[in-house]
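Here the chain labels run A, B, C, D, E and F in written order, and each chain numbers its own residues starting at 1.
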Amino acid sequence: MDALLSNFASPVVLAFALGIIARLVRSDLELPRPIYQGLSIYLLLAIGLKGGVALSQTPLSQFALPGLATLGLGILTPLTSYAILRYLGKIDRVNASAIAAHYGSVSAVTFIAAISYLNALGQTAEGFMPTLVAILEVPGIIVALLIPYRSNKGKGSIKKALHEVLTGSSIVLLVGGVVIGAIAGEAQFESVSPFFVAGFQGALVLFLLELGMTTAKRLGDLKKVGPFLIVFGIAVPIIHGVLATWIGLQVGLSVAGASVLAAMVSSGSYIAAPAAVRIALPQANPTYYLTASLGITFPFNITLGIPLYVEVATRFAAWM
Amino acid sequence: MDALLSNFASPVVLAFALGIIARLVRSDLELPRPIYQGLSIYLLLAIGLKGGVALSQTPLSQFALPGLATLGLGILTPLTSYAILRYLGKIDRVNASAIAAHYGSVSAVTFIAAISYLNALGQTAEGFMPTLVAILEVPGIIVALLIPYRSNKGKGSIKKALHEVLTGSSIVLLVGGVVIGAIAGEAQFESVSPFFVAGFQGALVLFLLELGMTTAKRLGDLKKVGPFLIVFGIAVPIIHGVLATWIGLQVGLSVAGASVLAAMVSSGSYIAAPAAVRIALPQANPTYYLTASLGITFPFNITLGIPLYVEVATRFAAWM
Amino acid sequence: MDALLSNFASPVVLAFALGIIARLVRSDLELPRPIYQGLSIYLLLAIGLKGGVALSQTPLSQFALPGLATLGLGILTPLTSYAILRYLGKIDRVNASAIAAHYGSVSAVTFIAAISYLNALGQTAEGFMPTLVAILEVPGIIVALLIPYRSNKGKGSIKKALHEVLTGSSIVLLVGGVVIGAIAGEAQFESVSPFFVAGFQGALVLFLLELGMTTAKRLGDLKKVGPFLIVFGIAVPIIHGVLATWIGLQVGLSVAGASVLAAMVSSGSYIAAPAAVRIALPQANPTYYLTASLGITFPFNITLGIPLYVEVATRFAAWM
Amino acid sequence: MDSDFHCMTVVSERLLKDDIIELMKEEGAKGFSITDSVGEGSRGVHASDWEGRNVKIESIVHDETAKRILKRIADHYFEDYAVIAYTYPVTVVREQKFK
Amino acid sequence: MDSDFHCMTVVSERLLKDDIIELMKEEGAKGFSITDSVGEGSRGVHASDWEGRNVKIESIVHDETAKRILKRIADHYFEDYAVIAYTYPVTVVREQKFK
Amino acid sequence: MDSDFHCMTVVSERLLKDDIIELMKEEGAKGFSITDSVGEGSRGVHASDWEGRNVKIESIVHDETAKRILKRIADHYFEDYAVIAYTYPVTVVREQKFK
């Protein structure tokens, strides 16, 4: 409970709220797009680098199981999402797989927020977590997009979509950062660490200010998407998150690591997936998938979800 | 005297000079607009955050009087400015209130420059000063804009202008930053402080480089505005500044605090006010108000004005 | 050998490689132009400032000889380059002087990379090196551009080109930074040093990521320029670099200083020179000069060249 | 193909952006595209010098709509604001998109 | 001077940029210019809301080329994507540059 | 309304911006608008690849003025620089603004 309150008092979450309020009062505040893009390059590269440095100190044996588990979750979650959307939500095949692709992938900012939240609690997740983000980003999208293609409902190009997601800037920066960090190692990393480590939390504040403004635009679409998708956008992350917590602990992650894995798995992508879906399934309605992942799941996760996953992970760990 | 010289040797003031010189030699140097906007978001949010953290540690009793005094000065200064412009300067009603609106409001950069100057002298103003900036920003603009509207001379929309200034990005960032800082408190602020505190002075150098280039463009308009406005742009800040110093000390501010208040009160807005004036009084000539506040008063204040107010505050304090 | 390997493991060089790879796999990764421009303003101002602070502590006597030597090299290198291009390469007069102008000037990023490389080895070059960059930037361009004008082959305006290069943003920022740093001195510089010093290496990583992407575009032009220019782009830097190392040691520079001088002298400009050449010699083909300086010499220098110059300087110093 | 359509173009200081878009919609414009622009005109300094750049607003509209927009913009804004407006005929396909 | 040329203009979500340029080149366009653009049209939210802005692609092409491009873009993209297209006649000099 | 006016459009490498504006003013242009642009044309790499983007300069000018500008730009710049130019008729109101 205390931890939850402290999450609401974190500058990062408060900046997100400020962004929403700024839009609601129709302020002309605007983070210029190049700044926003620059910040997201910075943040992705920074988590990649830090993860790479950590990975260079991790024995493969320790990393193998969590890596496999993450891959498995990346294949499972789009399927559960699709099933729920299609059979409980009665959503048509194309839109169902479009949305499922988002929940199969991962929101890097949710991941970062989870890491920061745990740091504030004095806990540290395994250093190789950013590598798991990279593993989680792609497969879910592919699995979800293959569904309509198997039944000839795809009008776009799945090959192009695949290229888009594999060479998308978030994968390039994350994987590139991990590789650079791993090759450079701790000693070489030291010279760039004031820039990439000390500045990180503050840059995240600016980024979430902008994300709050973008989210506020989505909030206006909440009535367009109907009650089912709203419930979906909260319930499914909880289901996936709790599952991921359990599996995370089983494969040997710490409480912090399992919580971060839960945040990742439960989150919906809103950068890589929308681009790929737009290419592969142009006839799907972006209002649905953007509103669900960015307008509902993202704010839920960074305010209530992450503290919940930490709580759940702590209790699971106590049982085990 | 020494303090004055040291002000001229500060990287911030020197960067401003470099910006002016770059324009005079017709260099192609240009700070891209998005960078400039990003920097100003950063600077405003940073002073808001720091002010909020400080405010969370200030008893209300200590803050009430300075707050009221600032509000009073915000109502007084546009009226004195208007009277001087109208009756000494024989400037028409619309242009006189347009200019008065600028001098009723505040230049956030002048405020920041004053804080930095005092830091260099080893003095610290009260932590809640940024809150005073927020209090000072709006009322003066409203008072000045009401003058022509009372006599049916306004062609634009004062309602729109009001909305503009109340939801303008500088107010949102300052007030938002103060609230975030106050809620977060010192402990939570620590994680973002390398970004918002350590980087601050350096970012200010880049910002003033650009401001120097913008000012240089205004300098070319000096002959267009005539000698009265030039004298006005130096004399009125001195009058308002000395008055604010005195009042600041009376309401219990430290020497540093009173000096910063003087810098704020004496300064002319060049972000919030121009936008509001353009909406409410479109027929007013922007050359007048932009040149006065940005081309004359701003450079005067950051070079000679601020050291002067500190000197005056020190002497006043010695008498009292 | 070890030093060479460690250079390949530096985050800066690896980021450059990542940029090249990102382009090769046709990633949509892109550093927004304003961010790139902002970074280059930051980097140039930062080296200027640091150089200025150092210069303020250097007796003129110590600086005079290296300054003169740099000027001499700035006059010599375009001439040797021109001779080689014209008589060995059989390149026409206009294109030969266009390319020569680039090799007469200097690449600030190569300079920065050299400084960083030496820091990683635990060595420090003389503090006034940035002043030498400023001295080296201009003369070589002028000398090379005068060649075709003497024989009436210039169609553009050499006067405009001269103005461009003298007031170009790199000169304004470098010289401006040096002057500000020299006036401000160490004490005043302290407040901005977290921004300009601690963040420097990290900002350089982002910058080289972008430079890698730009270089990759140039690599596609390698076949257009033919084998002669490729050999030229590697052999001439080695010749100029070894010469500069020797001269640097003769005029009293340390091993580190002579190595940095070699990196500077051997490098080809790709910001100041292209702009000036485009104005003075519009009929020259930019594919030649951009590909040579950015596509060949720059990657050569930051990977193999700089370690080589350090090795050579160390051996020369041992002989002397 | 249909050539009863015009591209209605307005270049103005950024301040007027929302107002002009509203005006266009009132007159029946179904969409618009905005690009950033900087410029110089008959006026000297204007607020956009400081506040940001101009905007260029383009809307493909019916002939008659363009005329009405052109007139209203001239009447309302030409005196006090930095703004110009012009229109030219264009050929579109699937005209229902613009009606 | 020659007036058989048209400025073929396409405003579309950024996603389509490369495809549209390819299509134009296939039909014989010799060059193009792209500007960033934001806009609103008949569609509600589109992916570009999140991913970035629209692009405005202009190409000076021969009369006939413009017609073909216009038709192909309408056929391929109008249904599922945020895109508009139009064309208007322009006068150029040294027409060989565009052929 | 008056249709003796043209929109004179030049897309060129950034380097030429000031020169072209000067040229336009010399010929009588009373104002202009500039937008950033990137593009591809008949030439291969040009300096703007490195130095920045192209600019698109538009000026509403009288018929005759447009012709003169078009000609001078073709004569001066077409050979060595990355630049195209074209013009098309537009309808304006309050023509005195452009004269």
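Basically, a contact is a pair of C-beta atoms (placed from the backbone, for glycine too) under 8 Å apart; a residue touches a chain by one contact, two chains touch by 3 or more.
As the structure is a prediction and not an experimental result, all values here were calculated from the model.
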Chains in simultaneous contact with chain A and chain F: C, E
Each chain counted as touching chain E and chain F at once: D
Between the pairs B-D and D-E, the one where more C-beta pairs touch: D-E
Distance from chain E to chain D - Cα centre to Cα centre, in angstrom: 20
Distance from the mean Cα position of chain E to that of chain A, given in whole angstrom: 35
Chain A and chain B, separation of their C-alpha mean positions in angstrom: 41
Chain D residues counted as touching two or more neighbouring chains: 35-36, 88
Per-residue overlap in chain C, given as positions that touch at least 2 other chains: 32-35, 194, 198-199
Pairs of chains found to touch, sorted by chain label: A-B, A-C, A-E, B-C, B-D, C-F, D-E, D-F, E-F
Residue ranges of chain D in contact with chain F within the complex: 9, 11, 35-42, 54, 56, 67, 70-71, 74, 78, 84-88
Chain C partner contacts - residues on chain A that touch it in the complex: 32-35, 37-38, 41-42, 45, 49, 163-164, 167-169, 172-173, 176, 179-181, 183-185, 188-189, 191-196, 198-199
Chain E contact footprint on chain D (complex, rising order): 1, 5, 7, 30-36, 60, 88-94, 97
Touching residues on chain D, where the partner in the complex is chain B: 13, 15, 44-47, 49-53, 79-81
Chain C - residues contacting chain A, complex: 6, 9-12, 14-15, 18, 21-22, 25-35, 116, 119-120, 194, 198-206, 209
